[in-house]
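In the two assemblies presented below, chain A is common to both, partnered first by chain B and then by chain C.
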Partner chain A sequence: MIKNITLALSLALMSFIVSAEVTLTNTVFEVVTITNKDGSQQDQWQQPDKILPGERVGYKVEVSNKGTEPAADIVIANPIPEHTVYVQGSAKGLETQIEFSVDNGKTYALPAELFIEKDGERVQAEAADYSQVRWSLNKPLAAGASTTVQYIVKIK
Partner chain B sequence: MKLKNLAFIAATSAMTLPAFAADYDITELDTLFGTNVSNTASLKYKVNGTDIEKDSNTVDFKVDRKVIFSVTDNQTGTDPVPVQAGAVATTIFTVQNDSNAPISYALPVPPEFTEYSYLSPADGTTVITITNATPVNSPDLIIPLEVGNPAAGQDGDTIEITVAITVPDNATDGTTVTSSLVLTAVEPTTNPDISNGTGTGVTAGDPIVATLDTVTWDQAVIQTITLPGLLDGTGVELTSDQAFIVEAAAITLAKSVRIVSDPINNTTNPKAIPGAIVEYTLTIANSGQVAATGVDLADEVPAVFDLTDAYTETYTLDGTATTPTIAGNTVTFENLTIAAQTESGGTTTDGSAVIKFTVKLP
Partner chain C sequence: MKNVPFTKLLASTAILGATLFSTNALAIGTEAGTAIQNTATVSFTRNGSSDSEQASVSFKVDEIINVNVTAANASTNITNGDQNAAITYTVTNTGNGPEAFRLFESIGATNDLPLTAGDLTVYYIDTASSDGTFDPNNINETLYTGTDINILRDESITVYIVTDVPNAATLNSLTDLDLTVVSQTEANGIKAGESAFGTVIPGAGADSTNAIIAVDQGRDDATSELKVTTFDPSQSLEVLINKTILGSSALINGTATVTDQKIPGAMVTYFIKVTVQNDTATALAISDIIPANMTYIAESLRVQSAAGSTINTPTYKAPVLPAQTPATYSNFTALTDTNSDADNAETVPNTGTVTSINVALGDLAPGEYAILLDATVNN
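After this line comes the complex of A and B, so read on.
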């Protein structure tokens, strides 16, 4: 009996320890388009300064495994903030499967498989319909490793 | 209706700035100034088969103020708009606030002979009239305009400001009169970040300027105005003009005299001898664009003539007998109308009236 209690306490303690060893850090940026000398344009992620309606904001979410064991089945979910709309094609993450939700995270699917009801008809969901974005890492995150996912929204 | 001067003008430089970027869609302006946008990510993973969930830190920012306002006028015809001397040149300017925040607008005291009027935003019925005699510190010079309901895709609130200029009676034909409206964006009383106490250093009526550095806002609440090309520290002014061109009568008078006949030579090379008939011709011409009405013409003939004696001949106006007023040696033709200049096939013809009368040398 005492052994069982000890084992249970040990498992709980281990769970507490490992849970504290993987961190998730969210950072917001202002995404601006800059023009290079050759006339080409590219996005640049900057510290947010003056964010106006119509402008773009990017979120970078870093997950770091600071423990000694690999973390498996990592899934990062992020709600599209209120007053913003997801920018089509902006979600990125190395070796991840990226899915979206149109029902506040109840279900997720690839863009081609997302549908909504509109005027009584089932139609393909658009980027503006997305309520959540989710990244599922394809392989465990090794101890000491980190990875970052990101996406961009536009301020309504 | 013409859209006027969408570009803003920096108050200190009078530099015309480019209109707002064409790719900016006002209907996208859904998010109000000061709105907090918050985001928290979540994580699920397994370590040694144990499911673990946790949230990230929460990141927040506040949406900044974007000031957009425009003015249109109600003039639809020719530009400049014709106006007659002595009339009131009226233009109704419609100011629309498409900012994502309430904005107030400061009017200057109008120049002489000009009045501004608008319906009080407070009750929508009281007509507020501002004249050249209005004190410069009058609260009526500040017009508050609320933002519209962007969430419903509605345009911003509007207000009509009537600018009335009294054109002087003696304004000459072709003179240009400009109806001008100058609006300066100022801090409103309903600024959300004034009301919630997070902003300091700015009070209602302060000019809105184009930089954060010139005011002492709480840095956590971004309080600024962002306009393409607007110089830091400059106020935001919008000007709109409507030109009027004065149409007035332009009267000239020509007088000539000839001897029609005398008792000896009859009409052949007549001389100014006793008994000669003398004809005066008075020609009034109007090269203006409007008819001259109520014209009185007085002519004093030499004292040698007696306009009331039996020799006085017929008085005519454009060949038709007329009856002038005679007082001593002055003959007066009253209440004449001289038609406006006309144009046909590229040729202009002045309006005119020709008066003739004859007298006899005693």
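After this line comes the complex of A and C, so read on.
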């Protein structure tokens, strides 16, 4: 009996250590448009100060491989948060394939291949229809390496 | 957020201007205090086995303080003398959280009726049970007494500014009435109702979020007019005057006798009543010319001028003859013939044969006013 418990404990400990080798951090920013001296405008990602309906919020999701082995088939999936809509063209990630879902994550496709039913007709999905965004890394993440993906939503 | 340095607040305020303006189309959005939860998942394989990790981040939506006031009509048609004439306003909380507001009514630049601040009362009602028409008998219409009114986001109330229209208001005269609605949010000495557009009040929003003022001074107002489009002449000021002889007395065979016969030497008592209706009569004076062949009895002017009284024709009382001392009537006060004294009664001329009398009564509220005077038929 005592032996069994020890075994279970060590298994649990092992899985904890293994999973900790790839870590994920998720950080939220307030995205504001600032006007430069020459009149041009650009987005700036700031620490969230106050966030109001209609304003934009950016998420940066960082994957770090802190283990000693490369991690492969890395896929980062992120449901579009409730009360927000995805901002078209905002999802970015180096060396990733970015796909979206309009059926709550059952299937993913590129924007051009996403369709929804609207008034009985099959129409091209718009950014506001997206329920998930997914990044698939094109190559394994080496030990000690990290990569960051990002996207922006607008608060309803 | 509550200890944000002032300089940082200023900087963020400047940026807010641009972002808020761009989002006016979404004036009412996600409710303040709503948690926006985001959970990302990474899945991967290593050494042939698959695994996954999750990371979450959450924040709360801050509160926008915004309010919109509109008048139901640009102009409201009234008739002089109307009771409970009302202008209807709609007040909408266009912010994204529940908010306490106060109402302030005022008279605008144009005020022909005219009205004073004391003439106005304010009633309000939740829109669900309002048809937009003020009804003094509707118990759901609540008299506003200056307290906070809580309005949920995207909800409206109906507000009435109510007044009685002066009887003397003339056709096409108009008065502007303004309703101002002010947010009552306040924290750490920052009042929404005294702060500029874009001001952040840390921690003052719903669910301890920050409150951001999206309407300058945390307030909005609307002005609308009451206009006399129908004139009711029966409601305007009317002054009626009526002169009668109460009675007369004469010495007949040396005996003082009450008689209707206006024989030479008979002393006649006149009763002059003025009736003021509907409105105040300003600078009203009663003048009476002493008829030819009659002589005014000195110091016989008596007046009854209590505001708003009803005066019945007194019963005749005989004077003292042959002394020609006027009788005393209850409720009437004796006036002196002396000119330019406090009682504002005078004879014309002041000395010699009196040809007329004049009693200046000043501004008279609706009611009845009367004077008595005596004169004798010349021998």
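Methods note: the second predicted complex is superposed on the first by the 139 of 156 C-alpha atoms of A that agree within 3 Å, B and C clash if a C-alpha of one lies under 4 Å from a C-alpha of the other, contacts with A are read in each partner's own complex, and residues count from 1 in each chain.
Just so we're on the same page, a residue touches a chain if its C-beta (ideal position, glycine included) is under 8 Å from a C-beta of that chain, and two chains touch if they have at least 3 such contacts.
Fair warning: this is a prediction, and the values are worked out from it, not measured in the lab.
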Inset, instruction - After lining both complexes up on chain A, report clash or fit for chain B versus chain C. - result: clash
Inset, instruction - Check the residue A:121 against both partner chains and state whether it touches chain B (first), chain C (second), both, or neither. - result: neither
Legend entry - Touched partner set for A:26, first chain B, second chain C, both or neither: both
Legend entry - Which superposed partner A:38 touches (first chain B, second chain C, both, neither): neither
Inset, instruction - Would you mind listing the overlap between the chain B footprint and the chain C footprint on chain A? - result: 18-19, 21-22, 24-28, 48-54, 57, 59, 61, 63, 67, 69-79, 81-84, 141, 155-156
Inset, instruction - Flag every residue of chain C that touches chain A in the complex, lowest number first. - result: 1, 4, 8, 12, 15-16, 18-20, 22-23, 25-26, 28-30, 34, 36-47, 50-51, 53-57, 59-64, 96, 200, 209-210, 212
Legend entry - Complex contact set, residues of chain A against chain C: 18-19, 21-28, 32-35, 48-55, 57, 59, 61, 63, 67, 69-79, 81-84, 141, 155-156
Legend entry - For the chain B and chain A complex, residues of the former touching the latter: 24-25, 28-31, 35, 37-48, 50, 52, 54-59, 61-66, 100, 212, 222, 224, 226
Legend entry - In the complex with chain B, residue positions of chain A that touch it: 14-15, 18-19, 21-22, 24-28, 48-54, 57, 59, 61, 63, 67, 69-79, 81-84, 141, 155-156
